[in-house]
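What follows is a set of structures to go through.
Below are two complexes that have subunit A in common, paired first with subunit B and then with subunit C.
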Partner chain A sequence: MATLAQPVPPPPVIRRRWSAWRRNRAYVVGLTPAAILLALWFVGPALWGFYASFTNRALTGRNARFPEWVGLENYRRLFDDPDLATVFLNSLVFVVGSAMLGQFVLGLALALLLDHAEARGYRLTPLVYGAVLLAWVNPTVIAGFQWVAMFDFYYGSLNQVLTFVGLPRVNWLGEAPMLSVIVVNVWRGTAFAMLIFLGALRTIPTQIYEAARVDGAGAGRRFWDHTLPNLRHIAVLVLLSVTMSTFGTFVLIQTLTNGGPGNQTQVIALYAYETAFRGYEIGYGSTIAVVMLAINVAFATVYLRVSRPKV
Partner chain B sequence: MTPERRNLTRRGLVQGMGAAGLAAAAGLRVGPRPAGARSRFAAPMLQGGLSGEITIGYADELGVKPPYVEQAAEAVRGANPDATITIDLQKISGGDYTTQLLLALDSGEGPDVIHIGGDRIGELADAGYIAPLDDFLAEWEDWETEYPQSVRDGVTYDGSVWAVPYGLDTRFLYARRDILDQAGLGADWQPANLEGILEAAKAVKENVPNVLPYGLYAGQSGEGGTAAHGFLPIMLAHGGQIKDAEGKWIGSGPTIEQTLAYYERAWRTDAVVPTEILTTAKPWTAMREKIGTGELALLFEGGWVYGGYAAKAAEGAFDLEAIAYLLHPTVDAGPSFTIGGPGTVWYINEASENKELAWEFIKAFNTAEIVAALNLEDPHPVARADAAALPEFQENQYLVDATASLEQAVFLPPDPNLAKVIAVIQDATGSVAAGDATPEDAAARYREDLIRAVGEENVAAG
Partner chain C sequence: MAVRAAPATAVDTRAVPAARTVARRRARPGVVEWVLVHLAFAIVLAFFLAPFLWMGLAAFDPQASAYIRIPERLTLDNFRVVFADYAFGTALKNSLIVSTATMALTVLTVSLAGYSLSRIAIKRKNWISYSILLLQTMPLSATMVPIYGLARELNLRNSYLGLILVHTAIELPFLTWMMKGFFDAVPRYLEEAAWIDGRSKLRAWFEVVLPVARPGIGVAAGLAFLSAWAEVLMVLILVNRDEYLTVPFAFYRAARGEGSYLEVRYELVAAMGVLYVLPVLALFFATRKLMVRGLMGTTRGL
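Up next is the complex of A and B:
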């Protein structure tokens, strides 16, 4: 190895490249299949979608037969779209409510509780585990229909409970549609955050806590000074994952409210789907999807910058 | 859509059906003909000596059509032993199937024989997905002799015929007599005018607990039903039109605002419509079922739904007499009307490499025998006059009434922008129904959205 005190001349290019290859070959061989698959199934369609967003391509009518390049027309149309502000606001409320506040915070809380319960040997811990995981492993459409049944005004179990205790029925999906879809998405997605946090909690050496206890730190202080800093990188990863997956959620909303009433639960992913596959406007739907992708990339960049270790 | 076109359509259809007379002999049974049984109709003249492969793709949730499709395929196989016919039945709703099919057609794939709604002819033809049938029809005598001009017009677009229909669509205002009677309106209730529907719905709301008063589709969830079963009949009831004489979409005028004001009354002021229509995917499934089970009092829906009620009633689930089917009233007690359509029709995929064989299947399916039996089982007014004239049809009061209703029907002309216009209608009705916009604001937005969707050149000035 070269040192600063005794610089050596750089090796010839071929030698340097060979050396780099020997050093990195395991990564290259390991990552290449994944890179090829990503290129095939993600980058390819994304590039096609980007191209389609500059065309008037459609699934029916003349534009299906003779799609034309329309330049920035779709983007102009999107930013003139009177529904765009509502759709963005709904997406923001949905992501903040169900991903950041719901799945992330609740997932962390559940992980802390389960970790604590396991350490104490509570017998009901597996039951809680099972209940949380069951929501996660349920197919999205089935989970949606389960909640549709629970929210039903006349026969839903929530209103049955309300009428049993003498309270009036609530039109959940009609009067509180966004809150309802947030609750369901939190119920369904919390398990993922919980599992990751639980795994991360188990990597924190117990000696740290023992030392803190000896120093007289209470539970709150131990959490703040030791648990949170140790979870920082994982927390960013979880936040990134739940934000991006929630931003792209549409099957659950489609099943529960189909974006309604009106546009009250219309989020950007559902809007893109409806435009492309119900209105058959592939070009315009692709434009919405491209904007959505750009927002996701922006989210990812910010999160990754925040999580970068300070030197 | 002009009044002239409407009159021509009504008269032509009825004349066509009447001209066939009662020539056919008795003895038609419901259901496909068992193997070996003799038909009273002449066997279809199928071309022989064809080879190759075709696929017949269709969706059928109810499971009524498969035996008839199989019977037609078998007839083609019999005439063409070297031909391979594959049947691709999808047990999903028509809406879900259409998207899948369009994606396949867009890739130059899809079945050789296509079976979806006839209201899509303009969109499919302009996309180059379907083949014109003029050359085949020129050699099929039945097309001229048995299909009334109005039926032929319904599948003609841009000077060519693109599809063969077998059962036509009509629509009715379904009313539960027993519920309306409980509401104090009498079992023989009929709306005197458009206001009468809302008055009846309010009476149900006040007097019959736990029954939904009125199903009026709005928003995206209602899909095509929001237009054909909601916005369009209400607008026609107010004397409006959706297209002008030049074929341009009408984007403004008092009737659009009046229609949206009706929506506001039904959804917000009187609150007689169940809000799940706005939040449930495919709300028609529940609405149709609730009419049958007596949980909904009033619903304007497809005539094809009545077949399901008749079948359930035959099983003893309820008394069919409890369900009245009525024409839609107008705002000033003018002549009642309905919305007609060519129904689900047969097309040939433009990309098919075996169009002759595909045509043989369509011909084999659209025999008087199959068309009659299928429409008796799944009641629609029949497209063929010889099938309509059969005694079984004359003895079936619903089929007589459904056929007669087409005299009062307004038909949506094929238009390549129909799906986009439906999306605009969904937005306008959905925003009013949800309370997000006033009728005035939604009407103003309707014109803007229409221009954005179909282009200013396709929207009538004003």
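Up next is the complex of A and C:
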């Protein structure tokens, strides 16, 4: 321990910049592998996509090897694309239905239910909690096929229930495809909102409720006046998070309906994929992807503003 | 003493639930309330568990269909068919190789990057942090077209290396951010003492700091494995040769598409599902508390 006992000599006064670099050198090296991977698979592709959106690059053929610069042609085409309006509308319905209404509201409701049940000490509480989590950690492909079975017209469990109570069968994926994919996405994603809300509910001090109870406020009153205002900030964050993650949903819809029937469940992500890989138009597909990224950056910026993460 | 609002930290979160449970229990639970809560429980359980109930039963049912029924006779034939006729063994092997390697590479990269980000002292440090968070929200489905082009240029299609690299990258932003949090909590005097003892920064990190951050590394490893295990999109665009396909694609084999309608061999899908979900369940429920904390940060679409 001799080294510890000696006083550390004061650092010699040298040019500050140089010493700062020496202090941080090791950390810059430590960040390098991650930076390379991120540049390779995130930043690079985003920039490349931006570039490709100004060309007529194709998947195969002459334009694959020698793409031509077409300027804003692809962006002009966006406005004339008859399918694009449908696709945007579908994305909007899907996001509003499954993220904002579904996951957000159901997540809050489940959090309140579980928080209440936990305080009461009901035995089944952990089971219900686990069931919601189970749907969430389930790989997407399994979720897709499980629900293909649930929705099956002749034998599916949903229609079995309907016939049991005397209602006619519904051709879920054929006649109500958007509703069906929304239900599955809510099933899959609600756990996230629920977990965050549960965490937030636990930080509301009990004294507030006690005081309100003494003042004679009923359960509904206490909820509106105290629970909801305390959740406001976290609610905005949850809303933005689930919106962003739902906006990028691809695999689930692809497994369930593949955008069909017709293009009733075609969302932006699927449309970009179809254009690039089925229509062989990399240039135009990239343009759609750029629009998608722009929308996402807008949401993310608001998210960062609101959450103000500690850096 | 300055009168300031107490920071909402450990004091609040830890003390409150206990105090609350006592306070709430004092109110007498009515029968009506009990019935209502359990009615809600029943609905929630039915909604969330029905698909799993179907899968678990159908996997062992020789005549499985889309509805939930208890098999008249239990069989393992479905599993045998899956391995014999649908190359499920190869798919399982590929998934295992890719996920394990992704896990190793991710843990190495994010523990280095998270520590460096935690300790680096430069002017625009928050810019780095913000851009990492921004990357984290970028939907993969928006960049998959250029990723495909890039992988083709670099000859990384149809290879384990390509899949491993891309799966690692997918998890990097979030896990780096998470590991930074874990390293922020490790007191600096630990490594400073090691430096004074004459260890290099790398050795101090490896021998002194890493052992303290072990729970964080565990979570990062688990999450990296799970995400690579469940990932479909990148495999979809990076692989078109059978010998590199991962498990999700075995599912599509068991389903024949006709227009927008699927004709599915349900008993096979269920058997595959059971095998595919087992490692996830084991990993997740074994480390539930830690994982939940980690997973809450994922905001990317799947």
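Definition applied: the second predicted complex is superposed on the first by the 247 of 311 C-alpha atoms of A that agree within 3 Å, B and C clash if a C-alpha of one lies under 4 Å from a C-alpha of the other, contacts with A are read in each partner's own complex, and residues count from 1 in each chain.
Just so we're on the same page, a residue touches a chain if its C-beta (ideal position, glycine included) is under 8 Å from a C-beta of that chain, and two chains touch if they have at least 3 such contacts.
The shown structure was predicted, so the numbers you read here are calculated from the model rather than taken from an experiment.
**Q** With the two complexes superposed on chain A, say which partner A:280 touches: subunit B (first), subunit C (second), both, or neither.
**A** Touch status of A:280: first partner only.
**Q** Based on the superposed arrangement, let me know which partner A:173 touches: subunit B (first), subunit C (second), both, or neither?
**A** both
**Q** Per the contact definition in the header, classify A:101: touching subunit B only (first), subunit C only (second), both, or neither.
**A** In the superposition, A:101 touches no partner, neither subunit B nor subunit C.
**Q** Using the superposition on chain A described above, determine whether A:77 touches subunit B (first), subunit C (second), both, or neither.
**A** first
**Q** What is the contact status of A:60 with respect to subunit B (first) and subunit C (second): first, second, both, or neither?
**A** A:60 sits against subunit B, while subunit C stays out of touch.
**Q** Per the overlay, which chain contacts more subunit A residues, subunit B or subunit C?
**A** C
**Q** In the overlay, answer first, second, both or neither for which of subunit B and subunit C A:30 touches.
**A** Once the two structures are laid over each other on A, A:30 reaches subunit C alone.
**Q** Look at A:257 in the shared chain and tell me whether it touches subunit B only, subunit C only, both, or neither; answer first, second, both or neither.
**A** Both partners, subunit B and subunit C.
**Q** Once the two structures are superposed, pull the subunit A residues common to the subunit B and subunit C interfaces.
**A** Common to the two interfaces on subunit A: residues 148, 152, 154, 173-174, 177, 255, 257-262, 277.
**Q** Using the touch rule from the top, collect the residues of subunit A that touch subunit C in their complex.
**A** So the residues of subunit A in touch with subunit C come to 3-4, 8, 20, 23-24, 26-31, 33-35, 37-38, 40-46, 48-49, 52, 110, 113, 116-122, 124, 127-128, 130-150, 152, 154-157, 160, 173-174, 177, 187, 192, 195-196, 199, 202-206, 209-210, 241, 244-252, 255, 257-262, 269, 272-273, 276-277, 282, 285-286, 289-290, 292-293, 296-297, 299-301, 303-304, 309, 311.
**Q** For a test of understanding, state which residues of subunit A touch subunit B in their complex under the given definition.
**A** These residues of subunit A touch subunit B: 58-62, 64-65, 77, 80, 82-83, 148, 152-154, 171, 173-174, 177, 254-264, 274, 277-281.
**Q** Where on subunit B does subunit A make contact in their complex?
**A** 99, 102-103, 106, 120, 122-124, 126-129, 210, 219-221, 223, 274-276, 278-281, 416-417, 419-420, 423, 427, 430-431, 433-437, 445, 448, 452
**Q** Report the residues of subunit C in contact with subunit A in the complex, numbered from low to high.
**A** Result: residues 8, 12-13, 16-17, 19-21, 23-25, 29, 34, 37-38, 40-41, 44-45, 47-52, 54-55, 58, 65-68, 108-110, 112-113, 115-117, 119-122, 125-126, 128-130, 133-135, 137-150, 165-166, 168-170, 172-173, 176, 193, 196-198, 201-202, 205, 226, 229-230, 232-233, 237, 247-248, 251, 255, 257, 259-262, 264, 266, 269-270, 273, 276-277, 280-281, 284-285, 288, 292, 295-296, 298-302 of subunit C touch subunit A.
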